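Everything on this sheet refers to the single structure shown next.
In this document, chain identifiers A, B, C and D correspond to the written order of the chains, with residue numbering beginning at 1 in each.
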Amino acid sequence: MDVFSIVAEWLPYLLSGVMVTIGLVAAALIIGALLGLPMALGQVYGTRPLKMVIGTYVWFFRGLPVLLLLFLFYFTIFPFLNLDVPEFFVGATVLGLRGAAYQSQIFRGAIQSISEGQMTAARSLGMSRLTAIRSVIIPQAVRVALPGWSNEYPNILTDSAICYAIGVAELMTRTSQIVAQTYITMPIYLACALVFILLNYAGMRVIYHLEKRVAIPGFSGNTSSGVL
Amino acid sequence: MADDDYILRVEDIHKTYGDSEVLKGVSFNVRKGDTIVFIGPSGTGKSTLLRCINQLTVPDKGRVYLHEEEVTNCGSRINHFRQKIGMVFQNFYLFDHLTAVKNVEIALLKVKGMSPEEAREKALFELRQVGMEEWADHYPAELSGGQAQRVSIARALAMEPDVILFDEPTSALDPELTREVLEVMKKLALEGMTMLVVTHEMGFARSVATEIIFMEGGKILEAGTPEDIIKNPGSERTKSFIGQFSGNLGD
Amino acid sequence: MNTKISGILIILLALVAVSFAGCTGGESVESPSGDALPTEQISGDVTVYTIGIDGEYPPYSYIDTDGNAQGFDVDSAKWIAKNQGFEVEFQPLAWDGIIPALLAGKIDMVYSGMTITDERSLKVNFSTPYLQVDQGVAFNNDSEMTFEDFMAGKAVVGAQRGTTGAIWTEENLIATGLISADSLKYYDNFPSVVTDLQNKRIDAAIYDVPSLRDAIAGKPMEIRGQIDTGEVYGIAIRKEDTELLGKMNAGLDNLMDDDYWQELLVEYKLVGASPR
Amino acid sequence: MDADFLINILLPALWEGLLVTLKLIILSAPFGLLFGTLLAVGRVYGGFFVNLFCRFFVGFIKGCPLILLLFILYFGLPSVGIYLSALLASVIGFICCNSAYNSEYIRGAILSVKEGQMIAASALGMTRIQAIRHVVLPQAMRRAIPGLSNEFIYLIKYSSLAYMITLIELTGAGKLIFSKYFEPDVFIMIGIIYLALVTITTVGANALEKKLAIPGTQGR
């Protein structure tokens, strides 16, 4: 059997890893955003102890390699907590918690870039601090953060391949399995690379259109909240 | 008068950006020691003309000669000519990462290949000429506009050019700072430096220029001594333009 | 462990706990005795056990093109499950993390050509041995090296991380100073070892004989020597899961008495490896 | 994890691994910076083909997971007759990755250098290359420092992937100990070492940024 037909035979198995990879990335982006935004707010408006806790969290997750985080959660933390977490969720959790650390910094930068004046103006209208944050600061900050945020997609996509180390059946794991069984290397690696690059491209297109949709001409902050 | 009396000859320069023809055939000649001042409304191609001389902008048609050597179409020899044709910009364009003295030194070192000691000495000398020696170790961001412009003049002078092009050197400065720059330029002119100056400073034009060239619509409308142009403008257009600056004629 | 790290860990754990409050469905159940029960799910009246396997370990266990588990151990496990009246599902895992996964309750047993070792026996229980194998050492056909050269420490050796082959080499060649630690290369899976042997980055590959034979079939390589380590395979089960251990032992016993056992041995070219 | 295990088994192994990690970083970072700069210059100032090549390279590297790239370099290339050692394959992989990401920061920084700087350099008779080297890049590199130091930290962290292609660096050394002794605290110890490395680097990078800041400007 020639190389092409072998690769063709295994292709469906490889491609069924696409959904797993997409699942990992989507879960990671969502966990990252859901935790990252409140963390950013906490870092800007929170009390000193809260800021320190969040700062430590960010320091921790940005200071460790994805690979080590995966091992740490898979072999150390989850077993210690007596939690039975399937590999996929370990991968999604690690990418998500780590993503939250990075996203919080993107959102933090965005919040800080919204001028002090916006807050003052909101307060002078009789808004509470919380209302001001929710209806004035966040809608603007999220839009400012979008370009930085969209960079998270390709980063998490490529990082998701490291979940191979704990055996999540995503693209990289399947690639390695196929190579292990067929002893064909380059064509399969390149097929995998191609899939990743296409996913990257497709995702960036989606984000590009998303950015276009949320962008407001003239950029006024008094529209209703448009959190992603 | 023989051609070789001219240090710089500019022949029939044309330049078009997209649909708009900025220069529609401009020619003039410069003798050693001349100070030629270009005046005219904004957008008439004066700055473009200067840039065409040292090929920062490549003209569509026309030729420039320096000492009868062609500057246009000279390929990589342009860097040789640019050493001979200094330029001072409206926004100074000092190198932001270098101190004043290093701004002056860098081309001496990298282009002229001087030794570091030689270059330092030369740079300090030129800074002294423009009254900036004390500021030698300051960075551009620490200088006022007038100071920065004087450093940029020193930078141009250090290359010992045959001609210096001044592209609205004082337009970005407030009046106080404008004066200190004009002082330096006037001094240079008196010392016999050949200068081509685009400016709106009529006072400077009147007192320093050997020739004033009035440009409009990409063409030279009128040229002559300050006396001719300012006192007795030949055309209505020149007259009305100069009229706008009547309050600005005193030096 | 210093207090700062402990503090960080606590914060982390809290965050993880919060973020996971909604995500985890099946927490482990506490038994009356306080021991954590395995993660079996009850579907109807039938218990389902999750079996951890190495997905890249033919002939014992591997994943086929359709993503299904196959292999000698997989077939055996299915037979035992039927025999003992429970159901099984297979979970491919990274080999070097498979015991921690078992201890963590991610799986209920490891049934995937696992050698019974002292270190492993400290952490888990093993079933009665069901196969006995030697370690084989393979070379490229055109290699000048002999098995004696290998034993004398002249070869750069490739082995899969965490396998008995790797451990044997560490203990008998590295610890004795015959080869430097650099001369043992660790790989994720055995096919990578074979690939690198073919690439001549290593001189020799060490692995369980049946699997080694399988892995180099059709390649210009040969087994030039075997090391009788006296190792046997067993099914690894958590220490507290004595009931499951009993079931598996009974099932194994029945299986080895059945004709199917011989069929399997023939099918997977393991004749001679059976203790019976 | 008892003291005996920690002192006699774990720490010596991690120390060996750390040395390999540092070796990887020291071998990769300078070339990552050099090629990153060349890629950035190629993209900003290069002709059509140079620009296309640089864009293609950066696009491929950024789209392809590093771990896959390492597999390609180590396990894939032999099929076309190129045999790289694990060390060389890792270093090449890291240089590719590091330079591609670095180039993005440097490119951004080059584009942010005011156009007049280049014009003034040309007017002084500098060649294009002289102007890029002596005027544009010194300014651009300063602006790129925060991004570059970020990428350097990524390099420290992603060097852990070398163990996937048999090079036993810090994470790999710990993983080997783990797969033998099943002692999960191993990973905490490794974590502490990485956090220390990364924290020291961050402090160093901030100091460097301050030191190189041009007086009178606000760093950026």
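Basically, a residue touches a chain if its C-beta (ideal position, glycine included) is under 8 Å from a C-beta of that chain, and two chains touch if they have at least 3 such contacts.
Just so it is clear, the model here is predicted, and its values are computed rather than measured.
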Topological distance between chain B and chain C, in contact steps: 2
Identity of the chain that, by mean CA position, is farthest from chain D: B
Chain nearest the overall Cα centroid: D
Pair with more cross-chain C-beta pairs in contact, given C-D and A-D: A-D
Chain C-chain D separation of Cα centroids, rounded to whole Å: 36
Geometric centre distance via CA averages, chain D-chain A, whole Å: 21
Gap in Å, rounded to a whole number, between the CA centres of chain C and chain A: 34
Rounded Å distance between chain A and chain B, as computed from the means of their C-alpha atoms: 55
Contacts with two or more other chains, residues of chain B listed in rising order: none
Shared interface positions of chain C, touching two or more other chains: 9, 97, 100, 103, 188, 192, 195
Chain D: positions in contact with at least two other chains: 75, 78, 164, 175, 178, 184-185, 188, 191
Which chain pairs touch, all of them: A-C, A-D, B-D, C-D
For the chain A and chain C complex, residues of the former touching the latter: 9-10, 12-13, 16, 31, 35, 53, 56-57, 60, 73-75, 77-87, 89, 93, 96-97, 165-167, 169, 176-177, 179-181, 183, 185
Touch list for chain D against partner chain B, complex: 114, 116-117, 119-127, 130, 134-135, 138-139, 142, 214-217
Parts of chain C lying in touch with chain A, wherever the complex brings them together: 8-9, 11-13, 15-17, 19-20, 23-24, 26-28, 36, 39, 55-56, 58, 62-63, 65-67, 92-94, 97, 100, 103-106, 188-192, 194-195, 219
Residues on chain A engaged by chain D in the complex (per definition of touch): 59-60, 62-68, 71-72, 75-76, 79-80, 154, 157-162, 164-165, 172, 175-176, 179, 185-186, 189-190, 192-193, 196-197, 200-201
Interfacial residue positions of chain D with respect to chain A in the complex: 59-60, 62-69, 71-72, 75-80, 153, 157-161, 164, 171, 175, 178, 184-185, 187-188, 190-191, 194-195, 198-199
